[in-house]
């Protein structure tokens, strides 16, 4: 009834050239010449697996601390990972921004707000308070701090030592899709007090308890800071439970917690997922491929990460980037602690998520 | 206690140059030189407002019909709108693909499936059946047809006349974020029958009724085709209700329906919104800015569209593109019927949506 | 380590009597004497399976039409099914109210509103309009009409013939749990016009289309009336699809549609589910047990219903009641059409739902 | 056009008597004689406000400990509050069960499971472990423990002292609506170990952290025990924040936390809400009316509770019951700590919830 399909490649000809010129002139592009790139059999990201060394990053940040003032206009002394596959853009992946931010003694990063979601993760140091909507949040080693979209925030270093930490945002995604708004706030932080815990934590960081005065579901987690002591305890328990023969770990020797929004049980912010992973010495994880990209930072320990065909030895503070669908395998030489963040909530919300795990290799 | 903020622009110097070289070498980019572009006060899309003329597009498509075979490999004889601001990429906007697809008499576009969500909108003609997972769906003027992600589909023209229609997909978004999967299917369509209505419609296209055999929420609408007769009737009723003094229209003289998923009440697919708008002759809409981008096609009538500073007279089949946050105003010279699709579900799911409407100007 | 458990029945004694008197005096009741009744192995409802004959009900309703005025105070000339197991209460089941309502020529049932959800199903007749928040809704054979909680509504018969129909509400549930509110409205209906279709239908009863002016999820379906022509067409299609070898029916020979809320895909109201079932002549359904209770009304045809150990021959207008967990089997002598409503949304919302189906017996 | 409504009361007559006899014979009840009771202007619960004294309850429980064995058949030595308005049924309210359960030294309450949701709240004592699906959960003063529907559970007292605590369940609701299932389990508890914390807590009771191995939404909270130390700390923080001028309390002098499901942010179980309230000495709460019923138990302190027209002085361990829509006002003589549970999730899920608060009277 219908004719069978034929090979779709048109023969080169003067007429075809003319047609293509007509397309170009009218701002048109044919699918048939582009489909292999546009619609591949599986994700073929431009972004590349890559690793950055903490002991390279930190000296550069310190040098920036000497040469580059922090203040209104530049806003932050933040130095972003630029994926080698993304043409020099300051993007760790097409969706994720990852930067080392550096604040010298007594320095202040002024207040502003933006629709981009942001967090901080502290691999070392202390002495800085992030002030979120007037609530001062102490930053200490191992802590994970939130500044969700459209919350005013600034940072100030109250101590005599500089401090550097990891900033994670969805800047590339927001920039690409065109949803960015920004407003300047106060030049100084709006509350210079230095409490041990933020008011947000005092209200919200109690396991399974929420204030009766606030019972709605919130887009973003109201917990301003997830403290290391809790993260560490939760991971320790998972490994202890495993040792006792009970479930809880992701796979043998591999404990992991996800930072969550206590008002929904979901991710801390609508575009960003954050987790902390701990591997016993000697553990080799299953190889995992996942739609969406991730950035990892080693918190402590030593190990090897294989990303597709490439491999890096990693240690304290080192960062590595996993583009979409690139297979990841971690191997722990010592106990290995890693912070991880990803864009998975985007794909889950849009039903574009897919995961493939190959049997653990231990 | 804390020092006041200072101007953040570092002075040019040899040391600074050296620092920047260090950054480059280590695949790093400072925020302070990029922030104005990366984090603007409001969306500043690279995509530009633009219009394409149906009477330019169609002859080019017809010429392609003569020169370019359709079949396996090229897969579809589709010619995509390439936004002038996006460097020649076949993208209507950073997230949306819009193409005119052309199928000659008796031609077949082979079956395949992909994770990209797709639809067809028919501005004129008939005779083609789209076969979705083995269910043949007739295409007729005014119809809106779905081929959601990961459903096998092919097209075949059963008649003696060529047919051209609008394809809409989320290809640019899926490509950018790296979630594309693709599989080839049968070379011919898997069911060559030509029923008036698809089985999906027979099961699902009854107002407010769903089969008891299928009560789960589905990611994508199970209604394979939204027929023009229903769309037209719904719009007619809205304007009649307005004339009788009752609510229903979006604003005076402006009726609109959203194609929806009857199992959720939400959008037809997770990344794409589709609507049909009808303006009475003489109506001028309020000016609307919205996060996210849209493509419109005039179905019938004549009018003027203002996109920011630019303006186009538009008529049957003409297409225009609205980048994120660009103000849109429509003015109907005659009764004006328009199909519209957008990426709004992405922003709503991720809580990045924002809308601003300035009082109707009539 | 711990002692083994022992028989829990205490020995009768003077001391025990004294203890029990103490309990009674202090408004206490021991669990151990009640647990068998309170916490049975499976639901043991007090309500009984029962059937009511239309040709018994209708004459009684007609007689009430002669003797009992309709108006403010009594509000409605409605006669409720009183389950034989529920001690004379006007309850079809512990949660459901089912009544025949009767309105003579030119009679008016005044407006009021209440938090109880209500619907009407029309087994025969026409000429009455239900006015819901000022929107007149015609009642005709086969139609299913909604008056969700807290909407003002009244009825008036515009014709020369009396009309009787089925009212369904969640009165017993609301009464038991204590959430009832009620307000009187106008003595006459607020709009005496008699349009063929309500404004609600004109806005909402288009398959898969919703007005862009109203995009929120609504607790209750905005479709005021589900017309017989649509229900009939949907059922016809399911059986045709079955005959052609395609899925769609619940089980062989058994088509069914659920009335749904187009803004959510869920049930029409938060406490009530409504469906229409059609069995081909000769079909015997699988035997189904379900947590929660249901009321069925035969719309047309003849058949047999088995409820647990009991069995009834049923025909036009006959009603029968299925208490929780009572096995139901239907057998169609002729083509059999049945309306059904139940309290299933209550159990699904509270995760107390459970269903068990025994293989179809055909 | 339509006739005006008339008084709806029919005149007494022989014919009317005959009609009513006909109704009775056919298992029918007219609405017009029942509507005032069935559909009141606002909730008029049969249940009454009532209070029970701990120092009356406890001696009766102790006496039951001497006379009544605990074991298979009776299952639990639990003594239920029987609301004076509910005809002697063991129901605190139409939906809620509240009982004092008593376990002597070394006694065991055997394992079983049921669809009813259950919890324990410990007003004093320790030494009992509740074993939930094989996970031993220590019970200590101030703790709130879950045994959600269909989880096997038993209790055993490992110490030399008896222990009594509050059991809360949805037994009356489940019984009325007919959704009860029950299964017997082991006669002894399945794990006799006596860990300080349950495995469930070790996995789940970390603020804002969840195991990556379990990321689904769960119907019931996986936190087996909410420990007093966390509840106390959260309440203390709320009052401290208030003293410092920050939000967090429900109203001046009134702190409250809701026990929540960390996988959803919602209530701990689908039918039961549980909260803990703390009032500063001298605080008088606003008067609050709420659809649905609640049971309160004083944990510590002294005060007055006004329920509608009635008033009780209450102290340690005393229980009081608030039927639907009865106004509640609490006045704290000393610092007053109260546990509260209610059926609010039922009404919220079914959109029957309504709350009215009259300005605080302090």
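For clarity, chains are labelled A, B, C and D in written order, and residue numbers in each chain start from 1.
Keep in mind that, in the parts below, a contact is a pair of C-beta atoms (placed from the backbone, for glycine too) under 8 Å apart; a residue touches a chain by one contact, two chains touch by 3 or more.
Nothing here was measured: the structure is a model prediction, and the numbers come from that model.
Path length between chain B and chain D in the touching-chain graph (shortest route): 2.
Summarising the inter-chain layout, the chain whose CA centre lies farthest from the centre of chain B is D. One inter-chain figure worth recording: chain A and chain B are separated by 30 Å, centre to centre, where each centre is the mean of the chain's CA atoms.
Centre-to-centre, using mean CA coordinates, chain A is 42 Å away from chain D. Work out the mean CA point of chain A and of chain C, and you get 51 Å between them.
Multi-chain contact residues of chain C (touching two or more other chains): none found.
Every pair of chains meeting the contact definition is listed here: A-B, A-D, B-C, C-D. Every residue of chain B that touches chain A in the complex is listed here, in rising order: 1-10, 13, 15-16, 19, 22-23, 26-35, 38-45, 47, 50, 52, 56-57, 60, 63-64, 67-84, 88-90, 94-95, 99, 106-110, 114-116, 149, 156-158, 171, 173-183, 187-189, 192, 219, 270-271, 291-293, 323-325, 343, 345-347, 349-354.
Taken in their complex, chain C has these residues touching chain B: 199, 202-213, 215, 217, 221, 223, 226, 230-231, 233-234, 237-238, 240-241, 246-250, 256-265, 268, 275, 277.
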